[in-house]
Amino acid sequence: MNRSRRLILTAAAISVLGVGLAFSTRLTGTARAAVGPVPPEALALPADSSVVMGFDVKALTGSQFYAKFGGEGEPGRVDALAEIERKTGLNPERDIDSVVIAIRAAAAAAASEPKATGPRHHGPENALIFVTGRFDAARLESSLPEAGKAQKERRDGVTIYREASGKSNGAVALLDAGILVAGDAASVETFLANRSTGHGIRDSQALVAQLESIEPGSTFWAVGGPSVLSRVTSEVGGPAGNLPAVKQVVAYGHLDPEVGMTATAQAADAKSATKIADVLRGFSAMLSLQSGQRAELAQIADSISVATEDEKVHVKATITHELIESLKKSAMAAHARKAEVEIH
Amino acid sequence: MSSSQIYEQHYRRLDASIPLRAQRWIPIAREGLKALVGFRAFLGLIAIGWLPVFGRLVQVYFTTRFPEARRVVPVDDKLFFDFMAMQLPWMLLMSAYAGAGLIANDMRTGGLLLYLSRPLTLVDYILGKFSILFASLSMVTLIPGVVLFLGARSLAPDVLGDAAHLLLLPKIIGFSLVMILPTIGLVLVMSALARNPRFAGLGFFFVFVGTTVAQGIAWQATRSPYAGLASIQACMRRVGEWIFQVKPTRMTAALPAEWALLVLVLLALGCFYVLKTRVRAVEVVK
Amino acid sequence: MTTADQALPVRPLWPAAKDVFFISIERMLPRPRSFWVFALLALPVFFGVLLRIYPPKDLPLTGFELDGIVVALFFIRNLLPLVALLFGSALISDAVDSKTLTYFLTRPISRLSIFLGEFMAYLVTVLTLTVPCVVLTYLVLCVGTPQGTGFGATDLVQDLGACALTLFTYGGVFALLGVSLKRPLIPGLLFLFVWEGFVANFPGDAPNYTLTAYARSLIRHRPSEEGLAELFSKFFPVGESVLVLGIVGVVSLALAIWIFSRREYVISS
Amino acid sequence: MTARVVFKKASRWYGPVMALNDVSFELGPGVYGLLGPNGAGKSSLLKLASGQLRPSQGTVELLGRPAFGSPDVFHSVGLCSDTDALFEDFTGLQFVSALLSLNGFDEVQARKLATEAIETVDLKDAMHRKVGGYSKGMRQRIKLAQSLAHRPEVLFLDEPLTGMDPQNRKRISDLMKRLGDDGRTVLVSTHILHELEQVTRRVLLIHNGRVLAEGDLGEIRDLLDRHPRSVRIKAADTRGLARELVSLPDLVSLNLEDATGHLLAEIRKPDAFFSKVQELSAACGVEEMWVTDENLESVFSYLVSK
């Protein structure tokens, strides 16, 4: 089979080289262009975002943590996922790779969108959600009009759906089968404009620096700027309400082999940093005091370490899967006791 | 024993001086059609191809009983155009069935040499085969179209009875020829290129389907009406739209019908040329 | 000459199938028909090159999306089923037509191994013709685009899998047609263009009974279709699609083997 | 010695057409001729014997197993069919080697055996050429090579000498004889009697699907000799020739054809007649002579009518 062997080998060589080229470009391309954990395609997210956070859904669903705690106690979860898949062709567990959420403070959003009128709400309208994965584009598109009576527009290879009900101005843009962006219409437009002009996260050196400081391979992460954080601290109230203003926070963590989280908050000065650290230590001490009633609390308290470094506060927490398990068990027992009392 | 005469050891063309009879292709066509009619599947394909005629006639009859229905399903040029255009896929199937083996079988079995060893010219042979296909394909396009027109005219004389509507007849004939002639050319070329009728039939479909899909993709990529020139079917349809003066489809709306016609004419001529070259290659040379 | 041992059993299935494969692949792949099929399958590559050299001003689709259309519409929906019809229906009937089946039937190998060897040759042939075209189409349409060559690398691999599965399933179906009918061409075309062409876009559960609806569900990066197809297109989860296509392919093959094993072939001069 | 090929009341129909009717015989080692006119059922018989067809009635056994559906017997069976089908793009060596690989020989063995078989049929010089370019005789020989390359015990040869030149006919006839002497069973079909005479004396005479005679060729030959045959002679002195021939004892009739000037003779013992014509050829200017009904069909019709 000399002649056929030559043909087969030639075909195989072309195919392997082609696929290899595609994969190698994917790997090298991502490494070169990504900023911290933000994939290159998401760099068009607005530079004036107050908070940018993300989840590595692939790492999450593939983790031992997810295997242990992901589906327990929620019998409807599997059905719900199946229903989503039936309607949209999308199985979030399987098809979504990562999610990046950029939240813009109201002021920033208003400033960059002078045309936007009427009262603006904090919340989803100001959050721009960027999802990567593999979407069954046709099916996803066919499911959207049914659900939201959306208006469809195709422009520059991008399909945009706008809610046509008038109650809100949400929009979803399907950049292609691998990327979906959702948010308020103006933010989505900004994203698309940035995408074609090359603007985005890279415009903010501070944001890039924060993102670069995130440990590679983190399953979840968040970076936050001053405006949102100051609002959070003032609105939460309680002990946190008395905290000095935090200028920025960088947090990231992983789920395996134990759940670990690292957060670095930057206060105005060293004094404020110490104050924040003290509050956190006090919180930890309170947990230790309650260890007589629940032993797990002491372990949690032990797992948290707080340190200061000039105007920075470093918080580190490591919680083993066993500890989470026992916490869950005791919570269920308490729930059962409560139910028993109610019956009686 | 006397010595035998030694002949030159090569094939020789017939140098007969007997004049060739006229219409020499007729026996080829007649025998070919006889053979085809012997196949029940062939008759079945024709029968199914006629079903839409009755459907359309029922439609016309319906509009004579309920004239208000004409607003929804008018009896006009478009009705005949739609009918003819819908016969196209059936015509392709008929072509593959009836045409794939016409030359391929002769090539494979050596029948071609038998034909050409008779007082026949190459053109006679091709014309004979062409006639078989022309008759076969007319049975699902031209003839049903004309029958539909005559039937509809008798059912709805108020609409189609006037002299102006008589123009529909040449339109039907014209569109039928636009569909039939390039198709015959293509299927005969495929039959001459492939020795196996199955491959000839599939090759014919490959080209038809391939060019249509290529048009679809080219249109999606460029939104250019000229993408239609890549598809034989789209060209046929565009010329049909022009003949019947009906609203063109979106993909080829801005495609000039003359261009489409030019593509079809070039295709038909190209096919005839390839056919002649290919069959000549098999013919014994002097 | 020594006398062969007449007590030898039938040769084991796979070694015999492998030997049939080596003969069949040589008779199937390096032939003019393969060249023409390759030329047709490579049309998108040619088209892609043209598009890259002379890009339209307002390209409405990204290269990656266009690749999705090409794979879904050109390969999976139209050309690959035709390729499967061409080669699949000829698996045994080609050997009958060329009268060479006798050489296989008078050897100490089971008919099952003959069929499997032929089918393996079919798969390798069609994949050899198809895979480079799919890969090259992707590269031509995606290299140097803003999204980058690597963007759809995983989709490319999935597309190749979808193409292979499509060729396997349709190959099985048409192999069955080829061993059952003397003239499989017209029934095959009717199946492809009447049944698969129309029923797949019917409303309701009708698409459940077509192969193309499952095959197209495997291409996840195509943009939505237009016209009726957009209204009625039904898509299935990937797992279900793979399962259905796999089962249909295997069952068709099993039936084809069953028929081939029992059938007599009267091959005469 | 046990029989290797056994037909027991085997019949075979193709739809309403009966190809073989109630045939019974047994073949042991040696060469057997299967003699019959075109359409007699020779090929059907060989197809039944080689397991390509199933008998409609009765049984056909090959090496003790039902011929149809027993692929294992093909380790020891070879078939050279009458169809002119080869793997056209293969070289002669590739063709035979590839088929040997189906018998389970590895590449080296297959190549060795194939080369030997090709040498046996005198095709060594052409073995690296594609079989698609072979002449009719070469194609016949390469088919023969593939049938005997794996050294089978039973060999079915359907019209093996078709298209061969006299030299190769002789070579292949000798080969068949050798195979028979070697203890193999060789069943050769042909419709030309003298081809068989060079190979074997054991004959199965078949006509209209029935075995008419089975046995020694000499006996059948005698039977044939009693059947008058027509000979046409073209000569310069036809009348003189007629005068000389008319005295021959086995001459049945002698006619002078006015239109052509040919002499038409009906004879019973052709050998004696031919020698006599040979003697007279110079004197009477014999230009051509041919037997008009040598085809066995006329012989069979004579036999059947008896």
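Labels A, B, C and D are assigned to the chains in the order they are written; within every chain, residues are numbered from 1.
Definition applied: a contact is a pair of C-beta atoms (placed from the backbone, for glycine too) under 8 Å apart; a residue touches a chain by one contact, two chains touch by 3 or more.
This one's a predicted model, so the numbers in the text were calculated from it and none came from an experiment.
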Distance-to-centre winner among chains (Cα means, whole assembly as reference): C
Distance-maximising chain from chain D - centres being C-alpha averages: A
Whole-Å gap separating chain A and chain C, where each centre is the average of the chain's CA atoms: 42
Geometric centre distance via CA averages, chain D-chain A, whole Å: 86
Gap in Å, rounded to a whole number, between the CA centres of chain D and chain C: 45
Where chain B and chain C are represented by their mean Cα positions, the distance between them in whole Å: 29
Touching two or more other chains - residues of chain C: 22, 26, 30, 58-61
Residues of chain A engaged with two or more neighbouring chains: none
In the complex with chain C, residue positions of chain B that touch it: 41, 45, 89, 93, 96-97, 100, 194, 196-199, 201-203, 205-207, 209-210, 213-214, 216-218, 220-224
Chain A residues within the chain C interface of the complex: 1, 3-4, 7-8, 10-12, 14-15, 18-19, 21-30, 41, 85-86, 89, 91, 134-139, 141-142, 154, 156-157, 159, 176-178
Contact set on chain C toward chain A in their complex: 22, 25-26, 28-30, 58-62, 64-65, 68, 124, 127-129, 131-132, 135-136, 138-139, 142, 147-158, 160, 217, 220-225, 230, 233, 235, 237
Complex contact set, residues of chain C against chain B: 33, 36-37, 40, 43-44, 47, 51, 56, 58-61, 66, 69-70, 73-74, 77-79, 82, 85-86, 89-90, 93-94, 97, 183-186, 189-190, 193
In the complex with chain C, residue positions of chain D that touch it: 14, 43, 47, 50-54, 63, 68, 71-79, 81-87, 89-90, 98-99, 101-104, 146, 150-153, 179, 182-184
